[in-house]
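Shared between the two complexes below is chain A, which pairs with chain B and chain C, respectively.
Up next is the complex of A and B:
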């Protein structure tokens, strides 16, 4: 193998590894939970912050973790990525709150971090959140316009 | 807006529209979160009923898993090769009364399990998940 070809191969592998390693992200979300999961000490969605409010101890936790391995191979890097919702926040919120019309969750803490080694590339990224339950006095829910489906099947209740 | 109109118009000008309509039981107009100008149809073929999503470019996606319960017909597809934690699942529920709207559900990874039921492996959400789109039946199948 000529020196020029070797240099090109090394550059290609390095580029592929860096490209694979540099484009990773994870998201922790609760978009499917019916229970509102609120950031900050607010009384309700759209309300002003509550200064000086004493938060209840967090009792609901969720998190997402991702581990990534990149092995330099030719012509491109081999990437293995494992993402786990260790506790999906949607599931934690739904399990913890029986009546989402009269209770919501307020995020008390978010921990996010990452570390990596570069030879070989091993990366670990995580987000964990803890939330507190909070009663919503006189809370009411609107009627769901469309049916939902759950572990026991279709819920066809509609207006 | 002009681009959207042209895109939708393109779908209605399929070359084999007449032949396909023979197999179409119901075609649907989606309302909700679906790809732009996507079309949906319930068809009857040699293998029985099937549900198809058609993109504006003519790419068709079959929902290969089908089961029936007292609520109606269900069709599902998922992109998790090994485990439900690795990809989305989509389910379409079509009531037994075909004149009623159908509903499209999308289950995020980690929020559903694959369960064996009646000889069919199908996605079952672990928490209640609201429909992502309503599929209104059309009088004249345009797909």
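Up next is the complex of A and C:
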């Protein structure tokens, strides 16, 4: 195998992988949850930060995972297969919180990362969040309708 | 003769390097010093405990923050390992005369694929990987609240 052919093969495989990978992204959100899902030390509008607040152990987990397997078929291109392992944070929140009027969720940590591996060619990308329930003794729901509908709390009609 | 004998070893080494190549990065997102409430959902409370949603909140700005931590040693070590968005929150919410950030969303794109997938060289522990993190949200104020700084 000549060095020139080897270099061409590597370039071809790399090109195939990059073409298969595209320009996608994954996103963690909880915009349809019916309760505050808080990140940081401030619990409410006008509240003072509580940096020393000891949070309960996380009991709610949500995340977005995407794993892409790529089989290079040089020189014609690449076959790829994408698997998703997603637990929407808003669904997890709606399921975990029994009374959204008197409970919040406090996000303890959000971890994100990506790595790629050769042989087999794998691109792994993830965002994970862990949260704990926090009681709000004086909590009340607003008079306006909640943004969520349906048994899961997720409004499917919104884009 | 010696170089001819070493050629298969070099080829095997290259093959193993290609086979074992692995690069990436990881990061923890925090907001430990934020002075405003930050919510992944569209709901946030006031001091009375009343929950406000999109019907009683007005969007006054868009929050955005972006960072690309670099990873080394097969993503075991990332710099920075923690991305604290507190400064961005405090500055952007104050400049928009907002009271909170809602609908927070954290995205990771595959814009680092070139680096993470780079053949042969990504087998080296010193070869960098990266993870592009973008954080967005809506800066809001209660509909019936006046801007304090105006």
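Side notes on the structure shown:
Assume the second predicted complex is superposed on the first by the 99 of 159 C-alpha atoms of A that agree within 3 Å, B and C clash if a C-alpha of one lies under 4 Å from a C-alpha of the other, contacts with A are read in each partner's own complex, and residues count from 1 in each chain.
Here is the rule we use: a contact is a pair of C-beta atoms (placed from the backbone, for glycine too) under 8 Å apart; a residue touches a chain by one contact, two chains touch by 3 or more.
Since the structure is predicted, the reported quantities are computational estimates derived from the model, not experimental observations.
Contacts of A:88 after superposition on the shared chain: chain B is touched, whereas chain C is not. By the touch criterion defined above, A:117 reaches chain C but does not reach chain B. Touch criterion met: A:109 reaches chain C, while chain B stays clear of it.
In the superposition on chain A, A:60 contacts neither chain B nor chain C. A simple residue count on chain A separates chain B from chain C, and the partner touching more is C. Once the two complexes are laid over each other on the shared chain, residue contacts for A:32 go to chain B and to chain C alike. Residue contacts after overlaying the shared chain place A:125 against chain C, while chain B stays out of touching range.
After overlaying the two complexes on the shared chain, residue contacts for A:140 are found with chain C alone; chain B is out of touch. In the superposition on chain A, the residues of chain A contacted by chain B and by chain C overlap at 31-34, 90, 144, 146-147. Remark: chain A residues 31-34, 83-85, 88, 90-91, 94-95, 144, 146-151, 153-156 touch chain B in the complex.
Here chain A touches chain C in the complex through residues 10, 13-14, 17-18, 21-47, 49, 51, 89-90, 93, 100-101, 104, 107, 109-119, 121, 123-127, 129, 136-142, 144-147, going by the rule given at the top. Taken in their complex, chain B has these residues touching chain A: 32, 69, 71, 85-86, 91, 93, 103, 105, 108-111, 124-131, 134. For chain C in complex with chain A, the touching residues are 18-56, 71, 74-75, 78, 86, 89, 99-100, 103-114, 116-120, 122-123, 129, 131, 133-134, 142.
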